[in-house]
Structure formats: structure tokens, C-alpha cells
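In this document, chain identifiers A, B and C correspond to the written order of the chains, with residue numbering beginning at 1 in each.
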Amino acid sequence: MHGHQLAGPLLYAADLLGTFVFALSGATAGVKSRLDLFGLVAISFAAGNAGGITRDVLIGAVPPAAISDWSYLGVSLLAGFVVFFWSPNIEKHRSLVLLFDGGGLSLFAVAGTQKALIAGLSPVMAISMGVLTGIGGGILRDVLVNQTPTVLQEDIYAVAAAAAGVIVVIGYVLHYPTFAMIAGALLCFFLRVMAISRGWRLPRRKA
Amino acid sequence: MHGHQLAGPLLYAADLLGTFVFALSGATAGVKSRLDLFGLVAISFAAGNAGGITRDVLIGAVPPAAISDWSYLGVSLLAGFVVFFWSPNIEKHRSLVLLFDGGGLSLFAVAGTQKALIAGLSPVMAISMGVLTGIGGGILRDVLVNQTPTVLQEDIYAVAAAAAGVIVVIGYVLHYPTFAMIAGALLCFFLRVMAISRGWRLPRRKA
Amino acid sequence: MHGHQLAGPLLYAADLLGTFVFALSGATAGVKSRLDLFGLVAISFAAGNAGGITRDVLIGAVPPAAISDWSYLGVSLLAGFVVFFWSPNIEKHRSLVLLFDGGGLSLFAVAGTQKALIAGLSPVMAISMGVLTGIGGGILRDVLVNQTPTVLQEDIYAVAAAAAGVIVVIGYVLHYPTFAMIAGALLCFFLRVMAISRGWRLPRRKA
């Protein structure tokens, strides 16, 4: 039931890379909130894995991959230590982190949608699970440091993940899953890059 | 295992109506916190479904009804769009929303208790699951917009849900489940209306 | 699958005592945040049981012990009422509460690790589940009253739980589980007492 069994070593590597990048974002938020070393590691794990863990619990795939396979904890620990020792440099490379974050979102969105489809969810809910996989970690990260989640307020983050999910569903129905996952991830990444560079945003309502 | 299978089309409709009303409360909170359109939809879904999803995960009914049946997402989306386009009117009809909210609580409390009893939980814990179903969405909604949950601070909200649960348990033991669910929902609704109109409150301790 | 079945009446009593102590901490935080009587009971239950419930959901042991056995709700209610009626005295006995809290952490860490090992998790993830059992309740308590979780910011709390988990894993491998659980709990408790009395802390990074 785990990502690496169902979609090969490439997707497994992508999943761990996505976890690492989101864990970096968690650790960076932790440093800003004056967490100690354990706090950094804990929020790194939360940011990197909460989305995937929640998805696995909801589709009944327990224990979740991030619990049964220690690699996810390993890359989260690594991210926590990297930020602890080199946090000034992380800040300097903010645009690099944003790019990695877009990559992590893309990978999580396609992997999450694909996994939910295999578990028998309907297309609409599978896409929702893909979005949850992509945004769950960032939401828990922000709640833990006492902020309204960025993803609920900022540009087309979740919409890019949903677009990737639509491509994955089409590929699943047409029996071209691998091709669709690659295309979906690229579309999501492209939408994120455009949203960041052009300032694309969703409308919001005056309170 | 889903509400509509276990208690007929009437309960299913009631469940969706409760989801819609709680989703409205989520979207309204989201507008106040300056969320974008996706944020509104996400917090609408969270407010309408977090209680039921948590209950289903805890009693082992995965995937939860709100995940396996896209209707719950559908009414949450609808609520998000309604608030997005007509939010000023929602504010004008605050007392109407409070009434609907009381109705949603009543429906969720009896449906949650009944479902937990069928899953084999003891009466005390089944009532607790009914309360959780009723208040879980509001708690997540408030945590997401960075506030201490209203339900933990305000009048006899949860107590009304527990009273409904007691009636459902009695009806379950006496083999009159349908009658007890209707009576429990009416009792909960009556208690909420009295709490709002008369200002009934639970005591609190000076800090 | 419940704690008391797998490790005898002694561990069951210890589990309930740990729940009671953490529930006290939840109720105390609730009084400070002006929660009403239901709010106190709810946050007491959350603080006493969120760690164990999350662990049980993640390892697939549903319904969790705290849901299927009403004793956990019972001691949480008791803690809520104790704080409601004697809250000034709780504040006076702050060092006593800290000692009990260290005891609760020790008991939860060893029980959580042991249960995860029996469920087939690897040593590293079993220790992580022990830590989660010990800190989960405190994290939810702090999130509910709108604060950054203390455990992510403060001294060697989680590290003490992890140390206990290491001892339990060694004892599990060597087939001396009971001895290892006692030794692990004592080590965790000793580390907490030293951290409190000597001001031991983990390093943190300047933001």
C-alpha cells in the first residue's frame, strides 16, 4: 500500500524529496517561532508528513507509510538539522526554497491522487485527497506556530494541486498512469511558478 | 456503514443539511479572516465534516462517509460559493444562521450517537461521539482561523448535544431508534433556542 | 489491543493515572483561557487522551482504548471537576503538578512504545510513537487555547520520553519487557526532574 511499492523507486524518491522540502519549510517556521531543537525536528516531521499521514488514515491504509517506514522520519530529521545549523543560508535562498516547495507540492499532489484512486475513491474525492496530501503539512505547520494557514490565504497553491489531480484521474481512466503523473506534476509546478512570478491570485471577498 | 444506509433517506438528507449549515459557518469565519476562494471552500469543508470524519476514523469506519461520498464535498462547495457571493446577506440573517446551526447540531448529535452505538461503543462513549460529531467541525474551524474554539467557551452548546445523545441511547436500548432520534433532535434544538434567546450559560471559573 | 490487556493491571492503573495528570494540566490551561464547564471537561479529555488516541489510530488499533473504554473519559471528567472546584489550590501546588506531569510522561512514553512494538512497528518508529503518546495531549491542549505548544519550546521534555523508548526497545529485543518498562519510566522521570530542578535545556537557534 506504500508509495514506493505502488509506483516504483522513482515515485518513492520523489515522495522523500517532497517530504524533505516541506520539512525544510517547517523547520524554517520553527526557527522563527523560537522552538528548541526537538521542536524543530517535530515541526519538520509534521510539515513533511501530516498531509500523507492524514490521507492514509482516511483511506484506511494504516499504519501510514510515514509511520511504517522510518525513511520519512529520517529525511525530516535531516531537514531539521540542516535548518538548525544553516538557517541564515536557508533565508538567503528563499526563492530556491519556493521552487523546491512547488516541486514538493507537485509530487505530493500526483502521488496522493494516484494512491486514493487505487484505494477505490471516486475521482472527485481522489483529487481532494491529492490536494490534502499537498497542503496538509503546511496547514499543521502554521497551526502549530499559531498562525492562520498560509495556503488558505495565498494565491493558487491548492488550485495547482487540484489541476494535477485532474490530469492523474484522466490518465488513470485511460490507463496511462505514469505519463499522467509526470504531466500532472509538470502542470502543477508550472502553475506555481507562474503564480509566484506573475503574482496570480484567487479572488477574495471583502470582510 | 454510512449514515444514509443505516437510517434511510431522511437521515441522509438531514446529514447533508447539517453539513451545509456548518459549512456556511465555516465560510463566514473564513471571510472574516480574509481567506481566498480556495480557503473559503477548504474551511467550509472542514467546518461541515471534521466532526463526522473524526468520529468515523475513531470507530474504524474508513473511508469516512464524507470522503467516500462526494455529496458532502458538494454541499460544502455550495456553502463556500454562497458565502463568497452573498456574504453581506449572510451577516444580515445572523439569527437565521444560528437557527440552522442549532438544527445542524441536533442532526449531527443524534446521527453520531446512533452510528457509534451500531459500531458497538458503550452508551457513554456513543454519546461522546455524538457530541464530537456536533462540535468537531466548529473546533477545527476556529483553530484554523487562529481562535480559541467558541464551543469551549459558549453557553450550553455541547450539553444540548449530549442531552440528545442520552435520548438516542435510551431509544436504542428500548428498540425505538427512529422515534428516539427525532425526540433527541427536537430536545437538542429546543435547548439551543432557549440558550440563545434566554442567554442560558454554563458556569465558568475565575482564572 | 488495549493497554490493560497487554501489560496487566499495573500498567492499566498507570495509564489512567497518567491520563488524570495530563487532564489536570488541560483543565488548568482551560481555566486560564476562560473556558466554561464543558470546555474544561473537553480540554481535560483532549490533554489526557489525544496522544494515545492518535497513536492508536496510526497503528490501526481502532476504536482507540480511550474511546472503547469509558474509564479514560471518567478520569478526565474527574480532573475537570477537581480543577473547576479547587483551581486556586492547583496553582499553589504547581511543583506537585510538574512532578505528576513527569510521571504521566514517563508512563505514557513506555506504554506507547511497548504498544507500537507489539503492533509490529520498527524500533525507531515505536520510540516515535512513545514520544507522540507522551506529548500529543499537551500539543492539542495548547493549540486549543491558541498557543504555540510548550513541548516544542521547552527543555528536554520529549527527549526524556525518547530515552525511555530506547530502554523499552532494548528490553523488547532481549525479552525483558516488564523490567525495561520500569527502568525506562524511571529514567524518563529522572531526566524530567533534573531538567526542572537544574534548568537543563535543548539548544535553540537565533531567529
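Before moving on, here are some points about what is shown:
Following the convention adopted for this analysis, contacts are C-beta pairs under 8 Å (C-beta built on N, C-alpha and C of every residue); 3 or more make two chains touch, one makes a residue touch a chain.
Because the structure is predicted, anything quoted here is derived from the model rather than measured.
Common neighbours of chain A and chain B under the contact definition above: C. Counting the residue numbers that touch the partner chain, chain B and chain C have less than half of them in common.
With centres set at the average Cα position, the gap from chain B to chain C is 29 Å. Chain B has residues 57, 143, 146 in contact with two or more other chains.
The touching residues of chain A, counted against chain C in their complex, run 30-40, 42-43, 53, 57, 62-64, 67-68, 70, 73, 83-84, 87, 143-146. Residue ranges on chain B touching chain C, taken from their complex, read 57-60, 119, 121-122, 124-125, 128-129, 135, 139, 143, 146-149, 151-159, 201-205, 207.
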